[in-house]
Amino acid sequence: MFFASDNTGPAHPAILEALTRANEGYAMGYGADALMDEARERIRTLFEAPEAMVHLVATGTAANSLALATMTAPYETIFCSPTAHIHEDECNAPEFYSGGAKLTIVGSEDKITPDALRIAIEGEETRGVHGPQRGPVSITQVTERGQVYSLDEIAKLTTIASDYALQTHLDGARFANAAASLGCTPAEMTWKAGIDAVSFGGTKNGCVGVEAVIFFDPAKEREFELRRKRGGHLFSKHRYLSAQMAAYLADGLWLDLATRANAACERLVDGLRALPEARLTYTPQANIIFLDMSRAMHQRLLAGGAVYYVLAGDPEVGPSDEMLPARLVCDWSITEAQIDAFLALAKG
Amino acid sequence: MFFASDNTGPAHPAILEALTRANEGYAMGYGADALMDEARERIRTLFEAPEAMVHLVATGTAANSLALATMTAPYETIFCSPTAHIHEDECNAPEFYSGGAKLTIVGSEDKITPDALRIAIEGEETRGVHGPQRGPVSITQVTERGQVYSLDEIAKLTTIASDYALQTHLDGARFANAAASLGCTPAEMTWKAGIDAVSFGGTKNGCVGVEAVIFFDPAKEREFELRRKRGGHLFSKHRYLSAQMAAYLADGLWLDLATRANAACERLVDGLRALPEARLTYTPQANIIFLDMSRAMHQRLLAGGAVYYVLAGDPEVGPSDEMLPARLVCDWSITEAQIDAFLALAKG
Amino acid sequence: MFFASDNTGPAHPAILEALTRANEGYAMGYGADALMDEARERIRTLFEAPEAMVHLVATGTAANSLALATMTAPYETIFCSPTAHIHEDECNAPEFYSGGAKLTIVGSEDKITPDALRIAIEGEETRGVHGPQRGPVSITQVTERGQVYSLDEIAKLTTIASDYALQTHLDGARFANAAASLGCTPAEMTWKAGIDAVSFGGTKNGCVGVEAVIFFDPAKEREFELRRKRGGHLFSKHRYLSAQMAAYLADGLWLDLATRANAACERLVDGLRALPEARLTYTPQANIIFLDMSRAMHQRLLAGGAVYYVLAGDPEVGPSDEMLPARLVCDWSITEAQIDAFLALAKG
Amino acid sequence: MFFASDNTGPAHPAILEALTRANEGYAMGYGADALMDEARERIRTLFEAPEAMVHLVATGTAANSLALATMTAPYETIFCSPTAHIHEDECNAPEFYSGGAKLTIVGSEDKITPDALRIAIEGEETRGVHGPQRGPVSITQVTERGQVYSLDEIAKLTTIASDYALQTHLDGARFANAAASLGCTPAEMTWKAGIDAVSFGGTKNGCVGVEAVIFFDPAKEREFELRRKRGGHLFSKHRYLSAQMAAYLADGLWLDLATRANAACERLVDGLRALPEARLTYTPQANIIFLDMSRAMHQRLLAGGAVYYVLAGDPEVGPSDEMLPARLVCDWSITEAQIDAFLALAKG
């Protein structure tokens, strides 16, 4: 009953097999391996973007920071949600990689609204050279609180960005879960909705450690590659990144795994909705649940061996009916049996 | 009738005379001039801090950024008000000098409140190594909206900072106006209230261009000096900075000039309070006024030659009773006659 | 006949098996996995350094840059060889991670000599705050030209560094090959010889992609971890780094693989020494050979399918007896048969 | 007898008078003052460059670092002489402002030779994305050792730079002394000889503290202004920079002062050449002399009150005929009487 994060589960066996297969013989390093050509083509085909720049790195923070640094001058500011991973969970990596750009928090909600975005951009009036200059807008899909922007919502935000000639970045650490949730194509969720650059995650969805950075306009490819090398993110034995991504995109594995995780999450949500001691704090649309649970429920779950993050308060000490917040994440490998066991404990 | 900023007025004649006097003969460069010894001693005496580190730079942005960079690791965040100059008006200089640290906005008010500060620090939970780590708290005195923290308010904030072992910085671009407003000593407003480092401004209050950076604990003096040099802020002909600061502190000039500016501002405020077409938006406590004025009043003032910033809207086009925001700043050189002329126009 | 680089060969099967084994069940992310405890203990035991800080990253550039950034203030300079990887092959990563420190080239030889080091340190007189301040000394073992510092040579360099209170870093991308060449222990080659920090490479010697950063004094561990996270080098599914390093250190695999590569290189060197058309430019002491070969020999080798770097000139066009420089690297997987086939082609 | 530096002498009275004159009434800040328009026009006229970007800062390190940062990506390297101020005397400011670019030392001479430049550029082969990428070439005129590049020498260097599509920067901290020495126009020494950007110094040649940055192609003006603000180098009371530069360029003052300094230096050189105890180490072509003098001569000079830098050795202790190196700089204010007094002491 492991609901701590989608990075605590195992990689899918097909990914490991791909690594082992890739381990045959010699291969040129630094992205010049044949498997990278294969991975790049699969991404271009999947995104219906035959000219797109595609490069691989091993962590989501690297993907986001390198993408944003390539889009942002050091005297600019990046617009993002208060819950954005780039703001809350990357220990100033975007500031570091951009050479000291700022992050401007948009509104106070997990999902950026068009109104909040327009206010934030207007508020960040540049005052000549005195204020930070307006830079790109970055949104996370699935959001850090488990919500999913509709295609229309994305398009509304990118339209506002383009009103101010700003570029847009999509942090897709859980891209597949969002696509599965919306039932849309990768192209629809990105460039067709006005997105310029994507961090396309593999790690959380069954890979060992690989993320693609995609720029639909390849004009800055050389700069991106130099920034990646300078950041220490260019792998010498690159084939092991390529192999993961190629396998992840073969036979729809990327979507299957996300569909599985989302379905597991839905089963869990359905069960939790029936429990008076639990109260969802965001409407789960993919594979993450934020909820409040009574201390009694926490105690039953933790005693029974469930693993997840209690976000505040001490589940052991205090009134048994006090509600304490928690996060549950379903990775691709969670089974129905595990969910049912969790719900059984939860029910008490 | 120049109310645009306290950096648009002339320097006090005593400062210019000091420059001319300093221009005699030879003097060692880079701060090794005898006038710097004099300036340093005057600051130490004024602040009752015989061991304090004291160095001069020419701009407020340099003073703030160098002070904060010396106090902040690149993976930390600086807590500041949403109206802070370091956040709004330094084009990411603190991020640049600190090597990519973050600024965390505290609350939504011009003046940081103890509650807001505690919430912000708590909210910036560091999540192990994932989030930005907590860094120094920076407050501005006089604030960017013309308010003044009481000694008690400062002490409350520094106490909270010290609860979390955080250091505190005071952006004193208008330090003298605040001291004049509170009627307190520099020591009372800084280290006696728990402040660790100060940007002590001279430029806005009658100098040509000089700011002192003061650290009450000199442990990081060498690092500060290296950062200043590396930033291009160490003057070769340093005597012209020293001379300004020494003259500024001679015979209480610093306090006289601020007292004059504050008194002018008070006269202006008194006049404006009597006018139904004007409405103060912050309570002016030093030499800056934020207010709304009717379009008709704006038109009379601007047509009559008054110079100040209209912060939003077009004073020429629209209903004559619509209120448009403005900022008025009184520098040391504003005369009663100018204020009365302004008020006469304002009255209509 | 693949002699392009030791990063073009396959990983050792034991490493892949370790990845597959590590893929069972759930594991906490970000280095909190049980395998990391195992890997750390093995490194501490191997280095006879029970208190050492040990962390893993995936690339050599990350290891070097993060180690050096933790040791170097932005106003300092790092002393290194003109052939150093950190100078020539990391696209300014050390400058980036250190926030803009400088690299000072020591002498003009691949191996730093004590005299050259002393001259470089003295030459980098710090001129008060005007010049770059003296920072750490970094040496590469095996050097980028295939040479190995003796223990005595290392000790001489670290002694000079310590005369100036400077720290020392060892870039051990080919650490194992050096240890195999010297027949010494890891402790003898590092802290017993005065080294403070090590990049301990696994990638080039049979791993998929893993390097350990070791600081014998753990005082800056927290800073290192924050810098790693901020650089995007903290792996969420960290177990796959841990598994590699744990397997690499099990049963002496690290040393076996390096011994194998060195032996292959020696066989190749012996063969080449007998050929009048080949001339070694450095004395190979580990698994890298720099040599000049006649154009005719290049043509025979390349036509026969040998893969390696020709460092200058066109092997196809020009006099057949002209000597053109080349680099040959033997990885752990090169067989005697491949070497003999290469030599047969070389002989003509 | 002050020969320590041209920044230890007084500013010319006309500069101080200009400051005092500029102190009348109100003036908009941040470069929007009327005097800046005047200063800019004078520079454009002087340089025969009606479209050039012209901005002012207060220090030479700021001018150089901001100019170079605007010309250099963080993954590039700047080519400069081993004696370059940007390399030796700016405490890594160019590295800081450029976000971590590298400086590549060209040859081993004070003056860069065409051959050394071509070798350095070729040597800095970029190795795909692995090495630092080639960036601008920066030369200093007058050099740090008192030499002057001829127009032909400059043109040869800029031609090589342009063979590699690299831009060129001229550090003209002593621009006027070089122009006086060559008897050429500013245009001839810069854009007509292929220079793209200039740090045009005023401070060392009789100003209080002002340097202009000139880009003959204004395409990056906005970026430069943002970098200047972000560096804390935009003066609020900008009129005091403008006034200096405008006065410096009025009535040929800039050239008169340099001519005076050069003539004084020539008188000194002539006298020193006649002395067997002195030996010039570089041929002085402007206002700086590097020479060796016997310890006995040093003792006579220092005892007699001469002030200058002894570059190595202890002038008090050792054989009286041992030669010790020194630097002598003549500023605009040195009189013939002072020089003759110095020579009299030197002679003994």
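Lettered A, B, C and D in written order, each chain numbered from 1.
Definition applied: contacts are C-beta pairs under 8 Å (C-beta built on N, C-alpha and C of every residue); 3 or more make two chains touch, one makes a residue touch a chain.
All figures in this text were calculated on a predicted structure; none of them were measured in a lab.
Shared contact partners of chain A and chain B comprise C, D. The interface holding more C-beta pairs in contact, when B-D is weighed against B-C, is B-D.
Centres computed as Cα averages put chain C at a distance of 41 Å from chain D. Centroids of chain B and chain C (each the mean of its C-alpha atoms) stand 51 Å apart.
Distance between chain centres (mean CA atoms), chain B to chain D: 34 Å. For chain D, residues that reach two or more other chains under the stated contact definition are 74-75, 90-92, 96, 99-100, 129-130, 133, 226, 229-230, 234. By the touch criterion given at the top, residues 30, 73-75, 99-100, 128-130, 133, 223, 225-230, 234 of chain D touch chain A in their complex. Here chain D touches chain B in the complex through residues 2, 4-5, 7-11, 13, 16, 19-20, 23-29, 57-63, 65-66, 90-93, 96-97, 203-204, 208-209, 226, 229-237, 240, 307, going by the rule given at the top. On the chain C side of its complex with chain D, the touching residues are 74-77, 88-92, 95-96, 98-103, 105, 127, 129-133.
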